[in-house]
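The structure that follows is given in the form of structure tokens.
Residue numbering begins at 1 within each chain, and the chains themselves are lettered A, B, C and D in the order written.
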Amino acid sequence: MSDNKIILMHERNMAEQTSHQKIMTVIVKVLLYAFILAMAAIVLFPFYWMINSSLKTLEEYRRSVPTFWPHRLMLSNYSSAFTTANLGKLFLNTMYVGVVSTALSLVITVLSAFAFARLSFKGKNALFAGLLATMMIPGELFTITNYSTVTNLGWINTYTVLIVPFLVSVFYIYLLRQNFMQIPDELYLAAKVDGTSDLKYLWKVMIPLSLPTLISITILKMMGAWNSYIWPRLVANDEAHRLITNGLRNAFTETTGDVNYPVQMAAVALVSAPLFLVFIFLRKYIMQGVSRSGIKG
Amino acid sequence: MADIVDSKNQWKAWVYLSPAIALLLVFTVWPIFNTVRMAFLEGYSGLMNVGGAKFQFGIGNFRKVLQYQRFLSCLKTTSLLCIITVPISTILALLIAVCLNSIKILQKPLQTIFFLPYVTNSIAIGMVFAAMFNIVGSFYGTQNEIIVTAGIVNNIIEFLGGKAVNWINYGSTYLANMTVMVIYIVWNALPFKILILLGGLQSVNKQYYDAARVDGTSRRRIFSRITVPLLSPMIAYVVITGFIGGFKEYTSIVGIFGETMGPADDAKRLNTMVGFIYDSLSTNSQGRSSAAALILFGIILVVTLINLRVSKKRVHY
Amino acid sequence: MKKTLLTAILLAAAVLMLFAGGSGEKKATAASNFEVPEVGYDGSPVTVRFYHTMGTNLSDVLNLYIEEFSKIYPNITIAAEQVGSYDDVRDQVSTEITVGSQPNIAYCYPDHVALYNLAGAVATLDSLIDSQIAVKRADGTQEILGLTDAQKADFIEGYYNEGRQFGDGLMYTMPFSKSTEVLYYNKTFFDANGLTVPTTWDEMEEVCAKIKAIDPTSIPLGYDSEANWFITMTEQLKTPYTSASGDHFLFNTEENKKFVERFSSWYDKGYLTTQQLYGAYTSGLFTSETGVKSYMSIGSSAGATHQRPAALADGSYPFQVGIASIPQADASNPKAISQGPSVCIFKKANAQEVVASWLFVKFLTTSVDFQAEFSMASGYVPVLKSVGSNEAYAAFLAKADGAKYISALSAKICLEQERSYYTSPAFNGSSTARDQVGALLSKCLTLNTSSATFKADLDKAFQTAIEECEYNN
Amino acid sequence: MEITLKNLTKIFPSRNKKSPDDVVAVNDFDFTIPDGKLIGLLGPSGCGKSTMLYMISGLQKPTSGQIFFGSDDVTQLSPENRGVGLVFQNYALYPHMTVLQNILFPLQNLKGEDKLTKDQMLDKAKDAARLVQIDELLDRKPSELSGGQQQRVAIARALVKMPRVLLLDEPLSNLDARLRLQTREEISRIQKETKITTVFVTHDQEEAMSISDMIVVMKQGVVQQTGKPQDVYDNPTNLFVAKFLGTPPINVFRGHVAGSMLYIGSSAVMACPGVKDCEVYVGIRPEGFILDPAGPFENSLRSVEVMGRDVSVVFTSPDSMNPTARAIITSESVIDEKSPTVRFSIKPRKLFLFDFASEKRIRFEVK
């Protein structure tokens, strides 16, 4: 590089630069917060409106000038929501299905992930690729046949039909297998040398080490039960086995006359509440579990 | 590396895998096989099959479905929803994620707030959106329009000087219906995308930004030349999953419109591909239902492949 | 991962392709009518599953008679199960038929039977009805398996013949309980304003106009079932709707468009609403105390109690309800739809199950006491003529009023218009036609008749409805 | 460009809520970097040298004190307006851009009157690439380059806009030994060619000494000593500096001065006129030992390591602060490896005395 090209950067008026840049920083900060707080408000608004509406009287709800805080707190909306939609039974059904299917699903997932991560057998890679391939196929494709399969098995309107068909999640197996594979081989070899059985090793070493993943899976599975709609509607829509989402939708579409929106909103709030509670206490695991799917690549 | 231990007991692995495999065979593999079979038997119906009817092998189901107005309308609605919501939600999520990443105060609580829609029941919150957009007990007739109460969204529009819009009730337009759906779906899709993109941003080496600052790079250029390219794998991921999810849209519409999938005077107007598949199922047309499912699968496959192809060109490293 | 993803996609595609070739066809088993075994019912223990839609109070009545039946045939166990709505029964039964696990008896509408018949699953009843085989009862007495002439004659003919409307002249269903549509009106309001109850659609238009003048914010008429309205209009006007054979869907005609246009103009004037348009049963409007009200409501005769306003604290009602036949196009040719469930019996490998099912169906449908009690509890119309002379039932009818005994009033009106009842043809796809004309009517009502495109929109809506029907056929 | 740092202090607020003590990264730093020189900032990790660098670049703002570029106070100026080039420890090359795009990037940011045409940019980028000898690699992506090549790209990117100051953060730490040697010479060459004031940070004293015009030794945010590398080595102001510079490191013994005579243990090692009687640390550079059978400093011989040019004599002493001490003598010296003891005399200029309490240098006159 020749000498004449060595020109130092343009000399500037430093004082002017400093104040200009301060103002810019403040403006940018303000805009940034304005945008993000506005977005947060939009995201939160439906929740606020749900709670707000759920506490109003029908008369207040219907006013053409909306009130942003109920004049008279109608806590009774919640009790009538609970009875109108028969939420107690729906909650119990959903909890039962959620807990049982999560427990069984965990066992199956752990065993399968262990086999794929630690054991060697013929055709392992082909089998695993095959499993991954099924992830690409939309579930609607399965439903058509599964519907007649479960009918064939006489499972319509039973808890079984809500639990068994979706016990295996290839995605969870994949997730856990990745986690298992990160555990050093040496631990397994050491356990083998010590004569530890596979199952004991699984229970004593691998499960504790992958606990965060297992917790994430548990929560996601429970959330799945809580939110499932299509399949339960199809195969178990009787009073005895109906799950929360169906119950909610049905309770307020089959009524005669006007929909009592405040009560409906109270029911929606009641249905949403457990998820929120779980989220508040286990936020880390839920967000981890969800984002884990993003780190697949 | 997992194969270090030369396991002579191969059967053990199969024992561990057996519950998963058994269930997958019954509830995943067989359905795939059977769906394809039914799709290619013309006019296949479970009831007629029991009744002893014979079905010709052929592509009649596909032809029938593809010529059917309703199916095309489902296809249109579904595609429109995808094409509109995926870019909007991705861009919005990207902006929010970048903003979240660059603030210190309130970052954690805001992050939590933006994730909230993920932990909701889409039917339940759909009902809230319906209430927000509703015109309660409105009775239309050209000379006789009575609006008892407008939903909060219309209240806001009127407050801002606009005219109330009939969003979801009978007499509403397709455009109005779609607007509500787009808003709801974007709202619903944001948390996942923000989470993934924010995770991506936080794993980007801070030094890239320091280097850019030292070089006097403007914020806009940092965003377009550094942030977006470095995030491109995550962006590709949320776009692909967004499209796949978008083509399977169903419950969000049930949440807002109920199972009529549209305003009362034009039920099924907003029906989607998945909705179509279930409807065919309930009229015992498993052949057409299967054909529709395979078409859906084909679309998702093609869209995903295109996405992968595009991202191969655009995604860096 | 991207590579794995791609591999996975290709693999999935390959698997699908592979299976695509491997499809096969199932062997046909020919459907045949049911033949009664020579012994009739041999007394062997069988369980008969019965799907219905009865709520708790009706189930209570049913259970009473199941108990009685099991005294006569202790080896026949009746397992009655409430399965949601009529559509739920249809969906569940049709799925179960595909795997051979259908119940023995089910509540049904004609189009359900047509659907089940695709699989040839419904047993024809002719040989059972005609059977002279004697069956032993637990108390040692005997009964004839078939129906006696007296029993046959006791059925209201229209109802009984519904069982034969499937094109082949064979009997597929037995009438169980029936209802129709009636016009409920706010008697207090009508009397106060000197209004007369409309008997024709022309009078209806006048009354609506008058009501609208009295209470401009009201919607004078609510009609619950758009489909019924359309179909009934075609019956009243003798215009085409559907045919049981050949070219099924005939409703796309100018005459039909004319009446649709007329009602649409009423809608524009704010005269009416329907269930779909209102978003709930219109009885909600009719019984409403505040806000928008209606003063007439056309709905099921079996839903009379829903058309009654909530009782006041002292047990009286805010207004008296009047019930009349629905308006007609031609007063000399009155038509009202016949609805309400029949029952059908499904074929089973064990013929004894079918015979046992028949015995139970016969027991219920020919029992005057049951019919009377069931009708009183439900508001449905009995299917037997002799129920009218049943003491309890007669006493029930005598109490008919527009408030507490509104069910009785409704039943009374139904019985009086016995000759008006019609049923529309039933075939596979008839339910689609029903759904389509319902949707068609509600769509067309909302069209603006003064708009320039009205005619074109109307044509398009009719055309679309026909296409829908044909797709699903 | 002369850089003046005045009373520069950087305090990081404590992140740990339980112990609210703030971390003082840089404490009252006063120093002037002369124009056109290559300065090495040296110190163990965590001593605040990177913080210094970031403050000069503007990426971090000092808690108090001022920074002058020439006569301009740039303390509050943001980095883009300071005209600095910064090379990061792991180079921070944008992975999605080619080498050329990386080098062009800073130029494309220029605005207003500084804005260049495309051709000008390309010329400048190619000049910079040539300067660091990577003009063959312009179309590659960073992931396709070796560590040394990446390093050069990073330097080219920092240099391309002709900064007033070039800052290098541990520029050699990610390279293997051979490349390190080569690259440090390269840096020195480039700096001499461009005459840009350059500050680089390292924890490797050898690296700093070999190329710097001047070094600054830091410890826990406080400057210990500044000066030409050789001066600092020869004349450390305290025990820390003495120990930090030099490989093999200086040998430290416990000793005492009595009557202007330095004793280590019972050996009277050397006279130290003018030093009061006191306890001291004695630092002796490995090269300060002379093998001398009559020498005053007797120790137990542990082993002898022949390293070609030199011989390393490892010995132990009860007064040594380390388990073993090491003397480096020329290979011509003859040493009886079987002898249990070894005696040395000491080169006076290679021996430093430090106060036992303050560890400050105690100077004395050497004859």
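Observations, loosely collected:
By definition in this document, a contact is a pair of C-beta atoms (placed from the backbone, for glycine too) under 8 Å apart; a residue touches a chain by one contact, two chains touch by 3 or more.
Being a predicted model, the structure only gives us computed values, none of them experimental.
When each chain is reduced to the average of its Cα atoms, C sits farthest from chain D. Centroids of chain B and chain C (each the mean of its C-alpha atoms) stand 38 Å apart. Remark: chain A and chain C have CA centroids separated by 42 Å (rounded to whole angstrom). Between the CA-based centres of chain B and chain D the separation comes to 58 Å, rounded to the whole angstrom.
Computed centre separation for the pair chain A/chain D is 53 angstrom, with centres defined by C-alpha atoms. Contact of a single residue of chain C with at least two other chains is seen at positions 2, 9, 12, 15, 95, 98, 279. Shared contact sites, meaning residues of chain B that touch two or more other chains, fall at 32, 38, 46, 137, 148, 294, 297, 301, 304.
Among the residues of chain A, those in touch with two or more other chains are 134, 136-137, 147-148, 258, 296-297. Here, these are the chain pairs in contact: A-B, A-C, A-D, B-C, B-D.
By the touch criterion given at the top, residues 1-2, 4, 7-9, 11-12, 15, 83-84, 88, 92, 95-96, 98-99, 101, 279-281, 283-285, 287-288, 306 of chain C touch chain A in their complex.
By the touch rule above, chain C contacts chain B in their complex via residues 2, 5-6, 9, 12-13, 15-16, 19-20, 22-31, 91, 94-95, 97-98, 100, 115-121, 217, 219, 267-270, 273, 276-279, 291-292, 432, 439, 442-443, 445-446, 448-450, 464, 467-468, 471-472.
Residues of chain A touching chain B in their complex: 28, 32-33, 35-36, 39-40, 42-44, 46-47, 49-50, 53, 61-66, 107-109, 111-112, 114-122, 124, 127, 131, 134, 136-149, 164-168, 170, 173, 181, 185, 188-189, 192, 198, 223, 226-227, 229-230, 234, 244-245, 248-249, 252-253, 258, 261, 264-265, 268, 271-272, 275-276, 278-279, 283, 286-287, 290-291, 294-297. Contact residues of chain D toward chain B in the complex are 54, 57-59, 78-81, 84-86, 88-90, 92, 94-97, 105-106, 108-111, 141, 143, 157, 161. Listed in rising order, the residues of chain A touching chain D in the complex are 1, 5-10, 12, 14, 17-18, 21-22.
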